[in-house]
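Look at the two complexes coming up: subunit A is in both, with subunit B in one and subunit C in the other.
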Partner chain A sequence: MKTIALEFCVGTACHMKGSPDLVASLETLSPWQRKSVELRYTHCLGNCGAGPNVKVNGVLMSRVTPESLVRTISKYLGQG
Partner chain B sequence: MRLSADVGIAINCKYEEELCGDAVQVVRTPGQTTVVLSDGLGSGVKANIMATLTTRIASGLLKRNVPLEHVIATIADTLPICRVRGLAYATLTILQVQQDGKALLYEYDSPPVHLFRKDLVVPLERRAREIHGRRILESTFQLQDGDMLLMVSDGVIHAGVGEAFDLGLGEDGLLHFLTAPCTTWHQAEDLADFVIDLASSCYHHKFGDDCTAVVLRIRPPRGVAVLTGPPLDLKNDAEMVQALLSLASYKKIVCGGTSAGIVSRITGIPLETSLDYVDPRVPPIATMSGIDLVTEGVLTLNRCYEILRAVHDGGIFPRSQDGATLLAKELWNAEEVHFLVGKSFNQAHANIEELMQLAPRQYIVTRLVNFLKKRSIPTEVTYF
Partner chain C sequence: MASNNSEMIRIRRELYTAVANMTWRGRLIEEIDDYPDNLIAELTTRYRCCEHKEKAVLKERLRVILGLTPYEVNKHTTLGTMAKIALQKATRPNSCTIEMLAVACDRCPFEKYVITDACRNCIAHHCCVVCPKDAITIVHNRAYIDRNRCVECGLCERNCPFRAIIQVTRPCEQACAAKAITRDQKNAAIIDCETCVNCAACIPSCPFGSIADYTQIAQVVTMLKESPQAKHALIAPSFVGQFGPKATPGGLRAALLELGFTAVHEVAKSADEVASLEAQEIQERLASGADFVTSSCCPSFVATIKSQYPDLVDRISHTPSPMAHQAAQLKALDPQAIIVFIGPCIAKKNEAAGLRTVDAVLTFEELGCIFVAKEINIAAITEEGELDQANSLGRGFAKVGGLSRAVMAKLDENSGITMRVANGIEEAQTALKDAKAGRLGASFLEGMACEGGCIAGPGTLIKRVVAEKLLERYCQR
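== the complex of A and B ==
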């Protein structure tokens, strides 16, 4: 099964800029997509000025929105 | 070595009584813990009033820093005598443990206090003094880390009189049952409960008198060290972390993602952030071996201050286990606090702090320090 590793920054700046909304947006994924997500939190990804930051399979994404995150995950995993 | 005391209290009323004729007050003032135990003559409402009055007078005076000897003199002078029995309406035991380990004990008409050290009962030297016509036993002794002190009301000593035992449990009986638990158990509350359970068994679970047990467990003060913020100069990272680790007996708390990263890098211990978003206002905590609590920085510190203020004003701690609540509980229960504060400022936080009306790190730490000092908790701050 194809999996996707997501590392959310939940440090001060990213938290205030919406990382809780990003985490909540995972609820909108289909059940099989959710099973394919390996979730991890971190306290800083070193790019506070451009938060919220998420590492997708080790690649840093900045100024992430719930929509762009779900789009990225769906693009990677497919719609099922 | 500085010392402090955990106090465990267990009380049970006489069978079919609604009010307890024993009363206990614990007064913690800077550098000392004082326990006042009074047993009102008889049981029921009169005993309750006399015992409560005695302990309240004593604790009221102690809170105003009146010396212990004057407190004893005041109570001795005011305590009424029962005309029928010719006895004082209430007994009194006052035990004060000072931060250098010195203990002062005053006993008036009450069962003796016992000191347990390892597996032995250490006899206390008492001398009788006449204060305002009352014979009061006075004792001064030195305590050590791990010592345990037991105060009981006479309901415990007489437990089971005429039933399980002809003359009641007695002091020897109590000591016989207690020596083993004292050496193996470490929670003052558990030991106090054990004594009352023992008395309950002797009374066949129908208490013939009010029973109270107070246990003091002597231990080093609860120190809390909080490291927050990266140092202004990167070269000081190791020094700051070393300062935290050198506070060996302190609970260690790190507030801030970057700060936690620094501690992780210097010590080589991995940092794992929890996946539980317990409170949406506060980012999740993290775990790191050897560090008791790892939280986010500015938001957590601001929320922690809010919680402490609310508790100080009579509120209760939130039930959630978020970082701010956990930090607030640690600071509330601390007896010594040391803040290690990095002065580096994260520019990305500037707009957020302004927008959210959050106090920047150094300001919020200052507020916390002032709050703790107002509560008479010795607090130090070191900046890096």
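== the complex of A and C ==
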């Protein structure tokens, strides 16, 4: 099974810029998509000015919105 | 927290952080005049008709963030002058807490029933037929409502087979349970300060973001930088989890000390004492003939009684709120001490304005922005331990029903005292109506204006369901 590793920055700057909304947006994934997500929290990804930041399979994404995150995940995992 | 308003929240936090940042650097007065121009240059999206309007709205937002009312400035006052006034202003909060920004209000349609393009100019004309006031005629092949005759009964809306007639209510008016939002002569929305209970339900309701609350961000940052006195941070019970999954209570304490606070207190500690005082007061007042007592810790609930149920004012408990209780204790020990309450609540700003003991109130959101401005990352602090000492009864105050549970625990099993809990302002209205008619059915009424209690307050940073789970876990520690 294909999996996707998500590392959410939950440092104070990213938290204030909306990382809770990003984590909550995972609930909109389909059940099988959710099973394929490996979730981790980190306290800084070193790009505080452009938060919220997420590392997707090791690649840094900045100014992430719930929509862009779900789009990225769906693109990687496929719609199923 | 209304996460579907993410764009408005983003702008608000950006402004909070900028004001805090300029104040930390001691450059607020010098730099704030240029800030709107710099921000607009950076923005890629435009929200208003033109740059001038955009700047005018930003200027008003910044004035409110500086804590200044429209009466303290005129249209020629520059932001730099406002900053000067704000920093010199005594650290007291304003007595009015929420402002409708006149320039930002888009003057939404207020006619309750509107005919849309879906009108087919049919032959039956159910709308005209059912209208009891003959207010509907056909003009240019379409139904037309004469506003002078319409009594807003809604019969036309219900009888149109094409659903061409819709009901429109201004979101702010709909959100306001106290019915404090009306219109001025130019049809801009206005808040009647006397009727407003500061519940802040209107703030996230406005899709234009034209409602804002005064803050003391610049004043608190200045105190932290310059005041030689002891500075106490009083943290409301609902703080659990507010700063993210990696921010521990010990980390929050360390971060507050790093900001410049001298001591950090958990208000839950006082909440437990308040529960004991409340239990004692209920027993005494029932013994002396009172039919019931209401809680006093939610300022919006208390304001609702005062403005809408004046007959019931004498039933409000005299026990101070946990914030007021703890602040009074600390001020008694050190009258020079600076007391800053940090919580989820906007109405607490109003409560504090009526007290002599609380110098400033911040929401969790405002505090978070101050941390960001100072580049303090709570998630990176690996401090173990508690925020302060408190027990689970006091910590439970953060959630609706927690106050009643704590008071019950302080009472004798056979006290015969019964509780009714009003969860949210609408339930509170119902309970107060019942109480007025002598049908409350309980000896104590706990009223919470926010549905869910304080953890669902307007100044919170995480969703209610998440906060509830975390609070439950924290109370079991």
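What we mean here is this: the second predicted complex is superposed on the first by the 80 of 80 C-alpha atoms of A that agree within 3 Å, B and C clash if a C-alpha of one lies under 4 Å from a C-alpha of the other, contacts with A are read in each partner's own complex, and residues count from 1 in each chain.
Just so it is clear, a contact is a pair of C-beta atoms (placed from the backbone, for glycine too) under 8 Å apart; a residue touches a chain by one contact, two chains touch by 3 or more.
These numbers were taken from a predicted model, which means no experiment stands behind them.
A.B. asks: Between subunit B (first) and subunit C (second), which, if any, makes contact with A:Gly49: first, second, both or neither?
C.D. replies: A:Gly49 contacts subunit B only, not subunit C.
A.B. asks: Quick one: classify A:Ala5 as touching subunit B (first), subunit C (second), both or neither.
C.D. replies: neither
A.B. asks: With both complexes overlaid on chain A, does A:Leu39 touch subunit B (first), subunit C (second), both or neither?
C.D. replies: first
A.B. asks: If we overlay the two complexes on their shared chain A, which of subunit B and subunit C does A:Met16 touch? Say first, second, both or neither.
C.D. replies: Touch partners of A:Met16: subunit B and subunit C.
A.B. asks: Does any part of subunit A touch subunit B in one structure and subunit C in the other, and if so which residues?
C.D. replies: 10-13, 15-17, 19-20, 41-44, 48
A.B. asks: For the complex, give me every residue of subunit C touching subunit A.
C.D. replies: Result: residues 3, 6, 9-10, 13, 17, 243-247, 365, 368-369, 371-372, 375-380, 461-463, 466 of subunit C touch subunit A.
A.B. asks: For the complex, which residues does subunit B have touching subunit A?
C.D. replies: 256-258, 260-261, 271, 273-275, 277, 280, 283-284, 286, 294, 296-299, 346-349, 352, 356
A.B. asks: Give the list of subunit A residues in touch with subunit B in this complex.
C.D. replies: 9-13, 15-17, 19-20, 23, 39-44, 48-49, 51
A.B. asks: Of all residues in subunit A, which touch subunit C in the complex?
C.D. replies: Going through subunit A, the ones touching subunit C are 10-13, 15-21, 24, 41-44, 48, 65-66.
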